[in-house]
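Letters are used for the chains, namely A, B, C and D, taken in the order the chains are written, and counting of residues starts over at 1 for each.
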Amino acid sequence: MNNDDLLTRILTCVELGKVNRNTPFPPDMKGMDGADELTRLALERGIKPSEILNDALIKAMDKVGQKFADKKIFVPQMLISARAMNASMVHLKPYFQTGEVKRKGKLIIGTVAGDLHDIGKNLVAMIVEGAGWEVIDLGVDVSAQKYIHTIQEHRDAVVGLSALLTTTMHNMRTIVADIKNSFPAVTLMIGGAPVTEQFRAEIGADGYASDPQGAVAYLNSLIHEV
Amino acid sequence: MKYKSLTISEPEKLIFGDAPLPVKTKRGLIIGGGRVYAEVNFTLPPMEVSLKTLPEVRKHYTEITEGILERAIELNSRGLVLELETLLEMTRTPAIGVELVTVMNEICEKYYQKYNLPVEIRLTPNDLREFDRPPQSRTSSYLDSMLELFELGSKAGGNLLSIESTGGKEISDNALMMCDMKRFIFSQSVLGVRDMEFLWPRIVDIARKNRVIAGGDTACGFGNTAMILADRHYIPKIVAAVARVATVPRTLVAVEQGATGPDKDCAYEGIFIKAITGIPISMEGKTSACAHLSPLGNVAAAAADLWSNESVQNIRLLSGMAPVAYYEQLEYDVRLLNEAKRCGERESILLQKLLVNSDIGYDPQALVLAPGNVIRIAGQIIRGKNSIDATVSGCKEAIKIIREAIDSGQLLTDEKELVWMDILESDINSVPTGESEFVEMMLPELGDTFIPSEYGL
Amino acid sequence: MKYKSLTISEPEKLIFGDAPLPVKTKRGLIIGGGRVYAEVNFTLPPMEVSLKTLPEVRKHYTEITEGILERAIELNSRGLVLELETLLEMTRTPAIGVELVTVMNEICEKYYQKYNLPVEIRLTPNDLREFDRPPQSRTSSYLDSMLELFELGSKAGGNLLSIESTGGKEISDNALMMCDMKRFIFSQSVLGVRDMEFLWPRIVDIARKNRVIAGGDTACGFGNTAMILADRHYIPKIVAAVARVATVPRTLVAVEQGATGPDKDCAYEGIFIKAITGIPISMEGKTSACAHLSPLGNVAAAAADLWSNESVQNIRLLSGMAPVAYYEQLEYDVRLLNEAKRCGERESILLQKLLVNSDIGYDPQALVLAPGNVIRIAGQIIRGKNSIDATVSGCKEAIKIIREAIDSGQLLTDEKELVWMDILESDINSVPTGESEFVEMMLPELGDTFIPSEYGL
Amino acid sequence: MNNDDLLTRILTCVELGKVNRNTPFPPDMKGMDGADELTRLALERGIKPSEILNDALIKAMDKVGQKFADKKIFVPQMLISARAMNASMVHLKPYFQTGEVKRKGKLIIGTVAGDLHDIGKNLVAMIVEGAGWEVIDLGVDVSAQKYIHTIQEHRDAVVGLSALLTTTMHNMRTIVADIKNSFPAVTLMIGGAPVTEQFRAEIGADGYASDPQGAVAYLNSLIHEV
């Protein structure tokens, strides 16, 4: 198996959700090495961590994301791929710390104060992570203060706000204003069922997306802009 | 299970407008007494809710109530229900919620006096306990404001009390996303049931003390979350259909604890509750497309005693304000159902058949709501030794029904759904019947996502 | 009158989904061929329409079309019609209208290719001629842009052509406000008929040349204006009911001139046209409450071949965009009708009876739309010596039907309406049968409110 | 018949729509004097024109307006009262010209550019007139220019704008801005089915009413303010 083959196999493991040798899923890969073992092997062979990240993991998650967007697979199948990816990432972690590999960027995400809806936000977080971004999830009912506090520690992060209630859209408005006040340069992306592009323009946020794919597209557009 | 037999055991009797235990309200609605009424739901447009904005909020609720009741007179309505489902701030500061009930009730009373139009307010405080993560279902101070709103709101004119309680939600969301039916059943039949057993005696008490009606609960946050996820193709429809059934024993607890109906809208599981207990129910279908799209537009009306639009914002459509437009749509739906009732049993049953059959071939979630299937499933549920067993038995029957329909070609199904039948089944089969066994089994994998003591565990 | 006998003469045959002369479209809808389809109507939210904003306008129409067709796939729709009813600027600058047809048609074609979903676009340029006051119905340059949009729009994918033409409007508005039925009849049976005879051959020509379908016209600006005024208690309902009937011979002209249906929504008079000519029709009822409230929610479905929501803005509801929510509601209505058709004649007739009887006791406007009454009235209309005689005869029969229903207690009527029966009748009786006589009689009192030569007078 | 009785009879004629002796309506007043004859008589008797206006005509139209608002009569009945009032006003006209009697104020009204809907606007015009205001009706499809031109000639007038189409609401916005630009002090009242109080606030108009009664109430509030 040459290096390219190895990367392809890692890609396949992540795509199909094969975490490690012991996981029973998918049935026809029973007993075979998973993302865990193969990533270790790849590093041992001297394959560059950035190659593993970009050519196997992110590519795999791209494919998975595409299948999901095309309604060919369900969330659990995507979650299982995310798990396989995580198994692989464990081995890459040291290289992230040294800076030898880099994620595309950072996203701080949370559901705004007063709002508890997080299923949508969680999906966005997961898919953005799969697309190669680091995600800091602040959970639900997040105050302006908490966002600001987190931005202080991650000045380069993009901030994502979610709201599902028409009443908490109001909170979104004030939180966006508060953040912009403290950090005029920070990029704010908003979303959630009642949110619209028009509302984004109105409250002065920078990006809006109606689904995770849109969120990823927006985030990636930021990199290319830079 | 407290209910050992079905109150309604023939599909033809599980029909709109008639419930074995009709509920008579103060202003004279007889819900489930031979006639279907509209239940109108509405909410604010995007805006802040606080004591500061209360005047504006009140203006919205005044305008909505006036608008709907004026239209009701125009349409010769025989009565209706208005729901006030509160938003966060209206419950956290019960004075806001109470104020809105008061304002609405004054208008209802005015129309009652002037036109003899019977209108009742259903008051549904929202469940705040989820604001703690994990929730402290029993010890949270949020509980106090919820109960205070129930108490003061029923004095102010909230004559029907309901809630969409969320016990078990900290487990169920992820369970649904992962399509992990075992966990979902745990969230419903252990945590949900226990939380309902804790909460509902308190609500029933308040209702009795204030001589108002304890309506019922809905597993909206469970069954409808599943439905919405399936609608977006995030999870299989089959999973959502079985999840719906898994909510039944949980929602049943409200009635076991003294709720008398009308069960709350949002609860598509209401039809099961009606079959088992005989209480009247509120259902929502096509005319709730303002609030969520669904595969249940017509079938949902099969056994409705109240017919609801779930929720629409007070925004302007070309005809006027959206709550009025939606009320009108509900009223015409209801007119049709009532005309069938006026004609007699044959006509009612035929209309029901049309409503049911027009939907059930397209989606397993519709299929399990067909009265015949409801009676099969409910029949299994009541045989359960306990809520867990009941839930498991119901789910198994649902899967059987879905399989039969797929096999006979009566149900269109997407290829990619089919693999989930087996996964679901083996998941369900792995659930032990005993509660302590089940808890023991789940605790390790659930970690600190929930607080056992908050469920009396 | 060209039609000397009714094509449909039994109420049971004047039924939804079946027309004696079904219309087959390019992508394979068979309208009136045994199945009812949804016809979805939508418009922009408050915004400017101009070449400058065209990109944004196009985005709205793209989003709407995509959203509806995606939902249609989810709901296993068997096909539908989308209407593009243009706004001023889209007709004044035909390129805008054409661009929107093109954009919509591309999406329709995509779904047709990918999912075999047949969707057709009805193109309805708005009648601009009213911008001149009084209108120059025949010589106005506005006419050119209207015809240009018909021409280029049908090349771009507008496969069904319609218009809400407004000939006679300069007389009818005030006639309605004054409840002057003689004037109103003049506006319809003289001016309206003459304008339709001028306009429709041109539309039919364009349709033939471009191999698209000439749908039909609607007296929206007359009949529905009356309905809205009655709804606000500005004029009596009885006047609005008779006014509706008075629009029939006028709308019939489109078919006499070669329109083949589907007749346009908004035209509640469509059911008369169907009885007389046998063409399929589009109707709107409860699910058009987004556009206007009405007393005709259910009865309007009695003979519908397309079922429409009239118009809804592309604004956001809790579930998503309003056009999609309204499409879903239409589709469930249509499912119910089609399920009855699938079951057979008995079931269809029963459902029709329920729809009709649920409304006709409350409002004379609903009463005159009951298939049995439609056949009585249409039977009188076709006996007319000319359009005036036909209109008068129809109105008289309508009054007779209303009187019977009031006398027998089958129609609830407000005291203050009753005096208008006699006023109406004597008004109608004063109309002479001959056109030249009628014109001579009216010219003095109408002064310069209209230009006779623009009607060939 | 004393003067008070005479005024009451004029009031009754207007209320019931008795224009003059020859009009057949209402049937039970056939052959009796109408608003026309009685007003002439009143002036001959030296009753002040302002008394006729305020204590008979406007009071009558008030009653009619109230009956209309209470859904007790229909528009044609109101129109016929307006006609009777006009028959009376003919006799008062000279006094308006000398300034001996005054109307409450002036309303310039029109349907905005691009919009042809005028039934609602006409009703408002009629009822406002009945309430004692002079009304200058610019018709439909009215451009900013035309409004401005008319305001130039009637600096003290309130301006009413009607729009029935969601697209012409946009025109309403620009016209309001244009007028305010030329005449910052002019009072603008807007209405029409799609218009809302919120929209009013948004575009900076001064008043909004959803129906003719509301329009009258708003206009009257302006007088009391002054």
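Just a few scattered comments:
Keep in mind that, in the parts below, a contact is a pair of C-beta atoms (placed from the backbone, for glycine too) under 8 Å apart; a residue touches a chain by one contact, two chains touch by 3 or more.
In this text, all values refer to a predicted model and were calculated from it rather than measured experimentally.
With steps allowed only between chains in touch, the distance from chain A over to chain C comes to 1. With centres defined as mean CA coordinates, chain D is found 35 Å away from chain C. Between the CA-based centres of chain A and chain D the separation comes to 64 Å, rounded to the whole angstrom. Taking each chain's centre as the mean of its C-alpha atoms, chain B lies 52 Å from chain D. Contacts with at least two other chains are made by residues 43, 313, 318, 320 of chain B. Each of residues 166, 194 in chain A touches at least two other chains.
Taken pairwise by the contact criterion, the protein chains fit none of the simple patterns, being neither a path, a ring, a star nor fully connected. Applying the touch definition to all chain combinations yields A-B, A-C, B-C, B-D, C-D. Within the complex formed with chain B, the chain D residues making contact are 166, 193-194, 196. Every residue of chain B that touches chain C in the complex is listed here, in rising order: 43, 71, 74-76, 231, 285-287, 289-293, 295, 297-298, 311-313, 315, 317-320, 322, 324-326, 328-329, 331-333, 335-336, 338-340, 343, 347, 350-351, 353-355, 357-359, 362, 412. Listing the residues of chain D that touch chain C in their complex gives 71-76, 79, 114, 116, 118-119, 122-123, 139-141, 165-171, 194, 199. Within the complex formed with chain A, the residues of chain C that make contact are 316, 318, 320. Interface residues of chain B facing chain A in the complex, by the touch rule stated above, are 43-49, 87-89, 130-131, 133, 173, 177-180, 225, 229, 233-236, 313, 416.
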